[in-house]
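The structure under discussion appears below in the form of structure tokens.
Each chain carries a letter (A, B, C, D and E) given by its place in the written order, and its residues are counted from 1.
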Amino acid sequence: MWDILVSYCSDALLITGSFLSLTFAIGLLRFPDFYTRMHAAGVSDTLCAGLIVLGLVLQAGISLVTLKLLFILLFLWFTSPTASFALARAAHRAGYRVSEQEEVASSNS
Amino acid sequence: MISSHLPVLQVVLPLIAAPLCLLLRRSSLLWILSFAASLAAMIIAWLLLQQAGSSGVISYTIGGWAAPWGIEYRIDTLNAYVLLIVTSISTVVLLAAKKSIEQEIPQQHWPMFYSSYLLCLTGLLGITATGDAFNVFVFLEISSLSSYALISLGRDRRALTASYQYLVMGTIGATFILIGIGLLYMLTGTLNMHDLAQRLPAVAQSKTLLSAFAFLFVGISLKLALFPLHLWLPNAYTYSPSIVSAFLAGTATKVAVYVLLRFIFTVFGADYAFSVLPLTEILMLLAVAAIMFASISAIYQSNIKRLFAYSSVAQLGYIILGIGFLSVSGLTATLLHLFNHALMKAALFMALACVLYRQGDVMFSNVKGLGKTMPWTFMAIVLGGLSLVGVPLTVGFISKWYLVVAAIEQGHFVLVAIILFGSLLALVYVWRLVEQGYFHNSEEDHPRQEAPLSLLIPTWMLVLANIYLGIDTSLTIGAAEQAAQMLLGQAGGGSP
Amino acid sequence: MILAVTAIALLVAMALTLVRALLGPSIFDRILAVNTFGTKIVLFLGVYGFLTNRPDFLDIALVYALINFISTLAVLRFFESGQLVMPKDKESR
Amino acid sequence: MINIILLGFLAVVAIAVAMMRDLFAIVMLFGIYSLLTAGIFVSLDAVDVAFTEAAVGAGISTILILSTLALTSREEKQPTHSFLLPLLVVLVTGATLVYGTLDMPAFSDPEAPVHQHVAPHYLNQAEQETGVPNIVTAVLASYRSYDTMGEVTVIFTAGIAVLLLLSAFRHHEDEASNLNDLSHHPVLRYIARLMIPFILLFALYVQFHGDYGPGGGFQAGVIFAAGFILYGLVVGIDKTRQMFSESKLHWLMASGLLLYIGVGIVSLLLGGEFLNYNVFAADPLKGQHWGIFLVELGVGITVTATMISVFLAFSEVRRSE
Amino acid sequence: MSTFIDLYNYWIFIFLMMVGFYIVISQGNLVKKIIGLNIFQTAVFLLYISMGKVKGGTAPIIMAGDVSYSNPLPHVLILTAIVVGVATTALAMALIIRIRKAYGTIEEQDIHEQDASL
């Protein structure tokens, strides 16, 4: 009984995670300017990674594998906000503004 | 007990010395250690040549794993002969290194310089001794990486670009070799050369095998600086420190020739290699082009190191020409010239190291009147040059003689003419030197200022070897002929 | 089955991200895409380990995550050194 | 199937690298290229290789190239010389290989000659002969341990070569290093410091678990070094240098290689061939165990020390001409 | 037709190899050349690894039960080759830094011009 519940939870997490990662990937592709794209990527990185890894954790049960999965999650959660922060700052410094960017993007595409 | 481990000690002794160099803080010890390692390697090579001559093939299984599972060292007369060339050149060059290094390389770099030198030696010896195709690649990279580092130490900034250029071309060559080895492995499931030789005839019709052969041939030719893939060589030899030029000119390309011989004759078998492609024609064409083009280029150089670098490309042409004949006398000529050219070029580059030591550069203007100010050094250059031309009583004459005999045997009279014409071209550039040295006086009136003895003695050791071995030819011809016969004996298929 | 679906979803997401990395248009978009791509491939490897029944290979995913983190920091340092700030960051396309 | 998709990605990335002019973007794409390659390695069952490629290609190479770019310039010039000859050379090379593929055994065919001769011996015997279930480790550290010694030597050579090239250009004590470190980001610094012990622990795990899973001395060395590179990035190059003085690093680099060769020499002295571990103990399996343990340790030490000193050498080059 | 699909893998590697090789010999930027060299080498690594794959096989770490494994030998060889590759890259990068310091440029053409004008 418990097993079945866990496996359903795991499936649900994985499915949600993959659905969201697809959605955000489309967002990354379709959003009009750099900052909105960054939003899509940043949320996708943290949220989807969390969902998928947790789904895997439920499948693995308690073992060394779980520990490794949690460390992977830890790294991903550190990496993505750090990168987003740095990128946003650098882009801002380089003179990209939300409104201005739209023109740049449309003139480039 | 030791004697049974000689094949592996040959490579491991210089290898141990390399990291030790990094740990030594006393610069005098550095030189002693390096020299001792090189000398020991030379003695081992000599012993191995004796052993291989008397008992045939020496096989040594590293790690105790039998041949196709583990890596095997397989020494026959050919390896032992090349090992002897490499170690003896290295030892004599090291003898002179101390003084020249002191002048050309900052002291803080000495430990790493000697370490790189020994690593380069290790790599070259490893390529030569091994019987495993992939092991060739590994040691090839050891020697290549260390030689890139050594070349980049030259004082001219062009040494850096020369090293970079060599790095790119050398890596392409090594990757080609890697592709070739991979395809061979794909066809046979083994990496051991001897094992490969036995399994390849079964797949002789395969297109994959032909493509493997093509990649190995081109890859090795890049390392060998076979015309027209020689572009890295003149810069690398010109701008590297004098000692490095002497060492590399005497050893690196020779080992590449050995690898070519090993793959053509032992792994693929001469029957396959010469029947599937018009290899004779290809080799002869490239060789003739190398002799003509590089000799003519040499005549127009104003930097003497560069002149001799181009001459090296031309001499490699002679070496390759001998392979093309596919006869005992042709291969004997190749192997003889391997040794003899190593002797000549090492002697010449060492003499140039003497010139550089006193004059600071080796342009033509630097040798003006050198016959008077540095008579011994200049005499060494002249004798080395004469050997390059192929004047009787020098080693150059012996190898050219064999080459001409091989050409006449097969009725290639045009080649005879080209060989002689090549010598004539060599005479032209050597004469230009002689003219500058003896018949021009230097602008300023220099007092007589000979190079220090520690440089001059090793140089003259090589020059005298050039003459001695040109008169008493039993040592070199004996080994070369034996190795040539062995290579062609294998052409019939199977092991000797 | 679910794992296979997840793997495919991740692959498609990777493809879309790759398109963004190639299109640019600014260097920042590329870096962003590369970063997301790194995350996706870590997740993909994790899922792949479970898919092939050898979850002990998660070591590789872990190394990826670690390396991804460190190279992000390296890039960040590159930013801070001012190298990345150029007047108009546009590709020639 | 997965393989084919990943290969498609790879081809796209490679073309993009060829087309782009911005070196920074190229390096980023090259990172992706390495990650993808590693993914393909995993799908081709080469987990150890994937491990290495991820750590080396995506990690070390990228960091080194980035450091180089920081010291040189970022924009690439439009090449002006002809592209016809290179194209011709490349086409001929490619044609030769395509010609070669015509007779190749089909992909993943278990009857192919590659899988017949030497490999089955490893797969069937190696565990009994060496006691190591990871066959890659068994072959790497025992059957072909001589190649691995060569590999360590290559790393050592590269380390020396880099030091030889760059050590004369170290910035002075009072001068700032070429790149700012990230020590002014307090959060980052805190997180990184928290993580470093775990990274080192993971490196140890990879080092000593290599017999049973993917990993081994080389991978562990890179991860170990990565931990210290992280330290250098967030806490400061100078602080890292204080931990690892030049002579200490030299000593470590040399000692790893010497340990490896020493194992070989000891086996010689005990009456076996060079690197024959069977002679280390009465029970050959035990001997193998010791031998493999020691040589992997040697690999780990040299790789760690070399990677750290190369990283430091690149980071300490002074920027002013 | 079946041969075509079977060889598809190999052909992609050949394509990658050609792209990498093309970058090496056609580009003038020293850094880009080295990146091309890396792509070239990686393609060769892929060639080796793919020849070791066995249909239905798994990674060559012995497990309980009757399983077929992929060929471990190419993995060993390529581990070595990857290390050689990174060693070459590190050395090349150090050289490029030195060249930049000596010439002030990392474009092959500018370097040639500077050398020629001497």
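Keep in mind that, in the parts below, a residue touches a chain if its C-beta (ideal position, glycine included) is under 8 Å from a C-beta of that chain, and two chains touch if they have at least 3 such contacts.
The shown structure was predicted, so the numbers you read here are calculated from the model rather than taken from an experiment.
Among the remaining chains, those touching chain C as well as chain E are D. Using the contact threshold fixed earlier, the set of chains in contact with both chain D and chain E is B, C. For the remaining chains, with chain E not counted, a single touching-connected piece is obtained.
Distance from chain C peaks, on a Cα-centroid basis, for B. For the criterion of most C-beta pairs in contact, the winning chain pair is D-E. Mean C-alpha positions place chain A and chain E at a centre distance of 31 Å. A straight line joining the Cα centres of chain B and chain C is 47 Å long.
Centroid to centroid, with C-alpha atoms defining each point, chain A and chain C lie 10 Å apart. Chain C and chain D have Cα centroids lying 20 Å from one another.
Touching of two or more other chains is recorded for residues 134, 138, 141, 145, 148-149, 152, 179, 185-186, 191 of chain B.
Within chain C, the positions touching two or more other chains are listed as 14, 24, 31, 38, 56-57, 59, 62, 66, 68-69, 73, 75-76, 84, 86, 91. The set of chain E residues that touch two or more partner chains comprises 21, 34, 51, 58-59, 73-74, 77, 80, 84, 87-88, 91, 95-96, 98.
A list of each chain pair in contact follows: A-C, A-D, B-D, B-E, C-D, C-E, D-E.
Considering their complex, residues 58-59 of chain E touch chain C. Interface residues of chain C, counted against chain D in their complex, comprise 7, 11, 14-15, 18, 21-22, 24, 27, 30-31, 34, 37-38, 41, 44-45, 48, 56-57, 59-60, 62-64, 66-71, 73-78, 80-81, 83-84, 86, 91-92.
The part of chain D that touches chain C in the complex is made up of residues 2, 5, 9, 12-13, 16, 20-22, 24-25, 28-29, 31-32, 35-36, 38-39, 42-43, 47, 50-51, 54-55, 58-59, 62-63, 66-67, 69-70, 74, 178-182, 188, 192, 195, 199, 202, 206, 213-215, 219, 223, 226, 229-230, 233-234.
Taken in their complex, chain B has these residues touching chain E: 134, 137-138, 141, 145, 148-149, 152, 157-158, 160-161, 163-164, 167-168, 171-172, 174-175, 178-179, 182, 185-186, 191.
Residues 2-3, 6-12, 14-23, 25-29, 31-32, 34-36, 38-39, 42, 45-46, 49-63, 68-80, 82-91, 93-98, 100-101, 104-107, 109 of chain E touch chain D in their complex.
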